[in-house]
């Protein structure tokens, strides 16, 4: 009795699982290429916001490595670095670094750096700063973030890489100094990291980005 | 594709086995809920709820076949208790069942009674005394006021009379709500429904 | 010096005791009619032993105690019983109850002495209790519980007998006057009670705003050399409450739902002690008591009043105006009950009549016309001597959540009114508690009824089922008997038929089936009905058509 | 039957609305009602799943046994959800990212299992489909209403980011009410979601009560008029 | 150790599963009318949530990931949850009638509590390890229980308040939840990350 | 003649809700005067706006709910809520901030729950938190005390700022705004400065807390003492709030005086005193049992410290109060006092 009952239960549930699973798996196979493409397009859009697509000719999305430097890149997890090349020669990199000391929490940045060490562009990928105060680092709300374009480690000099209130050249927002301060510091750190590891960054062999690892990072918005 | 099928199928079969096992191994019979519901009902046994007595109604509620607002003798108090027990929202009494009335008892005009025993057969709680061709009497303390004996009487000798108040049964009235809290228009009233 | 323990909470009230203590106590005028409710105490009503038209003598028994918790009633004066019928009684409902009404003849003729004076110190406890019980003494301090019952410790040791002379309510001064005028007699009564209880110690608690009473009693104790402590307690309302007084004098708490005797304590009012003295030493039953008349009267004072005197008479005697009455309170301003009419009589437990009339300046600072919402300030909780949370109880009483309110121990509330007094929102809190309590009692009664009904219904179902089965069985037997056919079966069939007839006959003869398990009360109802039936069958059926519906037992 | 389906629709859209009356499916309702577009996206996804699962459950309703009922229903729903999830990922990826975890959570959207249990498992396919659709549309409507409320108060816009759902060409849909509106953050933050839904429910109560009153008045008039009628006759 | 403590603080206060993350709202609104039932629900959910967080982790780690079947997460997790709930219910029903009285009617509701599936999915998304997953699940459950119990006690009071008619019932409850969530915003930034 | 038959007791102490409220308002006045002395007319103007808005909102809601105006407008609770909220708003905040905050406080925080006596949350704090999370910019734009900046803006100028955002001649918005001491402390600690450096380098900090603020705090303390003396408020809540804040801040201060400011700074900084005596004690939304009140106060003290020290908001009084408001019914339920005659230890 018990055995019979159990087997029937098992069969029913197993049957449903099997049918359902089959259908889903089928749909998965149908949609998989589209999904891959959508993910790629999404990341590319961010990348192209910081690196002019006209400058490179490689598949920047797949030319990716991960690096690890909690001190300078602000994250104790490996950080993706995308590399742009033209005719095989390094043009720029885009580093997904983190400003760990935002007002509310860490701020995820995408820092694009030309091969010569000047900033190609900076974007905020995700943050939790106070809406209305700290969120002016988003490009959508304020063009403050564009102020990094063209800067480099020497422009301004070391002392200048601060918000104005601390004696640097970058604006702060009224009523919110901490957020810009954190971003400026993180961008500066990222530049320093690039300076130190420039050669290796381009030399290292690319890993094909595991599809879900980067979709995860963007999902957290 | 295949691995997906295998994995899900395996999970399904595993869980099916588990639940099938548990269903037999941990089988429970009986439903204590009915007892609890029955304990709340007033036991008037009047059938106004549409069921032949309080217990059948309790069973219907437990089976989720009947709503909780069908017992007029119990009135608001019973509805609220049932709602509490079953985790539902209280609602007003279903007016197709009847309305809440003050408690009554039956009274037989003994001089009219012809001793037909029809009322005895109707009374759900054996609150009527008497035998064929003899005068019948209500045992007042037993009568639930269900009115079931009224209709069968061929000579209309049974009346429902209000339960008499005495110093012992007198209740302190609720203090009247302050005038500013008088309900302004229809709708559920959170206040005690005034003095009794 | 006796060690005092403070109880928590309580309020300090403005005293109004000067006026009524200025004049000495004198007997009130004899009223033309005396109204004596059969129930003036906690317990069952007394049963009349006189009939309308009977002449009675002062002190004569007119109603006897029916069961253990009951007190007999005596005629307060000589006269004629003119009615035994419903009359308004001093009760919050304003309802009527059965009273014996005596028209006085002004002769004040005593009944003959029933007991010759013996040496009272030799009376045994049982005898003492008998005398006290027969004298109809109930507690004169409040609840009116038959004193003899309270004086029976039932084998439990009694450590302390407390005499309650606190009299903590404003306006009331009857106990104070009694102590001032009859300290010796009160002491004697106390010693008799002690004798009945075999109590180890005796303590009398008197609030420190009654120095004269305190001195009078202390002197009486000193003169008699009795081993009784007379203690002054602080004037905080409600020290007079039994539980609070016990806590203050002994530091012990009466367990919730228990009685003082559970912790070896018995507490009685001073008036009760005086009544005991009069009953035992003078052979006088409880027919009069001290009553304070205060408020909007020309001469506030204490009178010795016969039980049964209508309140209106007292008001007139003290110079009050019966026509401009606005509020008439029996008892003190904190615990007393407002009456619906001034025709209600003084009963054994009436200690004070507080008059408020529209013509005199209104002496009582009462609540606003309506309450504000509770702001949860907690003043009430700080004032509550029982440490309840009045604001929560109020909240749930309002919401009719009677389960929750019991979680908050509403039945420990002594209805002292402290919470109400200090509430800034002026909410009639005690009114809500009384409402909740009586609703709960009522619900419990209904529950009992429902349980009974369920039981009877189930029994009926069972009975019907049984009958059906029996019938089916008989039916089957009959059929099988018939179908068997043949000669020899005929005999059996006839026998079966005869058996059926016999069964049917016996069924008719025996009592109806639905009366198997009856309580005595029900049996009585049945017997009554049977009797009526009998009577009916003798007279013609159409004669007594106007029979009134029976009262509910 | 016509009357019956009308009733089913009325139940779903108004009288027994999942969000306003049954208070089910609150999580996605509150979480993704920041803007109308998000709301619409999730609403459509939910409706699809609801209709699909109702139909399927109704089809197989006689096959399952008690202890397997919930697991089976849940399994069916989960399959539909995963399918929808995959499709969204493939074709409206940006929206998918914003709705985030709430797409897979459609599975546990209490509405769906509640309908499966209380309706689809007792009714035929047609009625179940209708029920699924009307419940889903009712849910979507509330979702969109709440989204609109929050978006207007919070951002001063309507249909912002319409391009996420309808493609780049749809940007013109976005309406900006006040230029330079600073925004009333409360509406966008979590508290705003709760309070907004509370206000919507209160609004429904008010409307219902009005309707009730009118109905009562109408009934009274109806009962009162017959005696008046003879009088009007010559 | 501090790591786990931070996860706890974060899930209970800062990212409260109900008031901030918007998960588990239906039971939050549905079974908060009375303090006692809320307590029962809290206990049942805590048990199931923690258990299913762990099991989901195991299924994901040892079945789905090795086979590259991440897209079946939702399906398999919900199956796990449904089975855990069903199994628990049957066992409790049989073995402890007392406990079943308290928890019985809530258990089936838990399957459709988004918080349970949500936690399983979030665990994967945030790449939690075994212990982290368990702590995260437990913390989320504690957060749920905390606000549910507080909310129930508040609702008991609100139901007897003189609330305007249109707002009686769910409307005022939601507004209360809104104000609670407003208060919880005070914890923002307590745990960065 | 029909006799009146109300239930007992038949006498009353004469205490009244409105008299309680009036006394609380009276106790606030010295502090308001002191505040005006240090920070200018802003508070007075804000208070006026707030009180008017409060009365208008209250009247509107009473009308909508069909309740009589007189007993409720006159009870003083709306005025008190408005004053307390005004005290928490930056003195130069634009007028609509005050209006919005007070209206939200009274409509959502109070009347949706049934008005006086029924609101589970402290209305003033509901309004304040709503403003803080919705308009962080306006709500963090405080001003330095006059004596520091040698500036004095008169009544008319203040009106101009509040109603028209019209800055007085020669003043920039930056000159008029500064962080509160708590805010400055938090910002600077975030820059890894030590407490003693911060205190030494910023004139914002006075003898033991913020310049000016410490005097306002002292007057509030005196007012609170008066209320305790008059038994308008219970001693448990203020003592528990201040006591627990003192203990926990002393603990960390003793551990590391460089990163954790002194207890005195915490107690006189921000709105601690105001909260302890006037806000946490709001009878309606606080716990009502004696033990519950102590736990409630301790909870507030601890939450204030935790959020100030590790959270994002520089001051946390409002959040702490709302959070503990939330817990109050539960606390009440589990801290019922031992009733006379019940066994000890078993409540």
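Lettered A, B, C, D, E and F in written order, each chain numbered from 1.
By definition in this document, a residue touches a chain if its C-beta (ideal position, glycine included) is under 8 Å from a C-beta of that chain, and two chains touch if they have at least 3 such contacts.
Keep in mind it's a predicted model, so treat the numbers as computed, not measured.
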Centroid comparison with chain A (C-alpha atoms), farthest chain: C
Taking each chain's C-alpha mean as its centre, the one farthest from chain E: C
Pair with more cross-chain C-beta pairs in contact, given C-F and E-F: C-F
Centroid spacing, where centroids are CA-atom means, of chain D and chain F in whole angstrom: 41
Distance from chain E to chain C - Cα centre to Cα centre, in angstrom: 56
Euclidean distance of C-alpha centroids - chain B vs chain C, Å: 35
Residues within chain B bordering two or more other chains: 4, 7-8, 11-12, 15-16, 19-20, 22-23, 25, 172, 175, 179-180, 184, 187, 190
Residue list for chain F, restricted to those that touch at least two other chains: 7, 65, 71, 108, 114-115, 118, 130, 133-135, 312, 332
Contacts with two or more other chains, residues of chain D listed in rising order: 65, 67-68, 71, 75, 78-79, 82, 86, 182, 185-186, 189, 191, 195, 209
Pairwise chain contacts, counting only pairs that touch as defined: A-B, A-D, A-E, A-F, B-C, B-D, B-E, B-F, C-E, C-F, D-E, D-F, E-F
Touch list for chain B against partner chain E, complex: 3-4, 7-8, 11-12, 15, 18-19, 22-23, 25-28, 32, 84, 87, 89, 181, 184-185, 187-188, 190
Residues of chain B defined as touching chain C within the complex: 38, 41-45, 53-54, 77, 80, 105, 107, 109-112, 120, 124-132, 134-135, 137, 139-142, 144, 159, 161, 163-167, 169-175, 178-180, 190-192
Chain D-touching residues of chain E, taken from the complex the two chains share: 19-26, 28-30, 71-75, 78-79, 81-83, 85-86, 90, 108, 111-114, 116-118, 121-122, 125, 165-175, 177-179, 181-182, 185
Residues on chain B engaged by chain D in the complex (per definition of touch): 12, 15-16, 19-20, 22-23, 186-187
Partner chain F, residues of chain A touching it in the complex: 101, 103-104, 130, 132-133, 166, 174-178
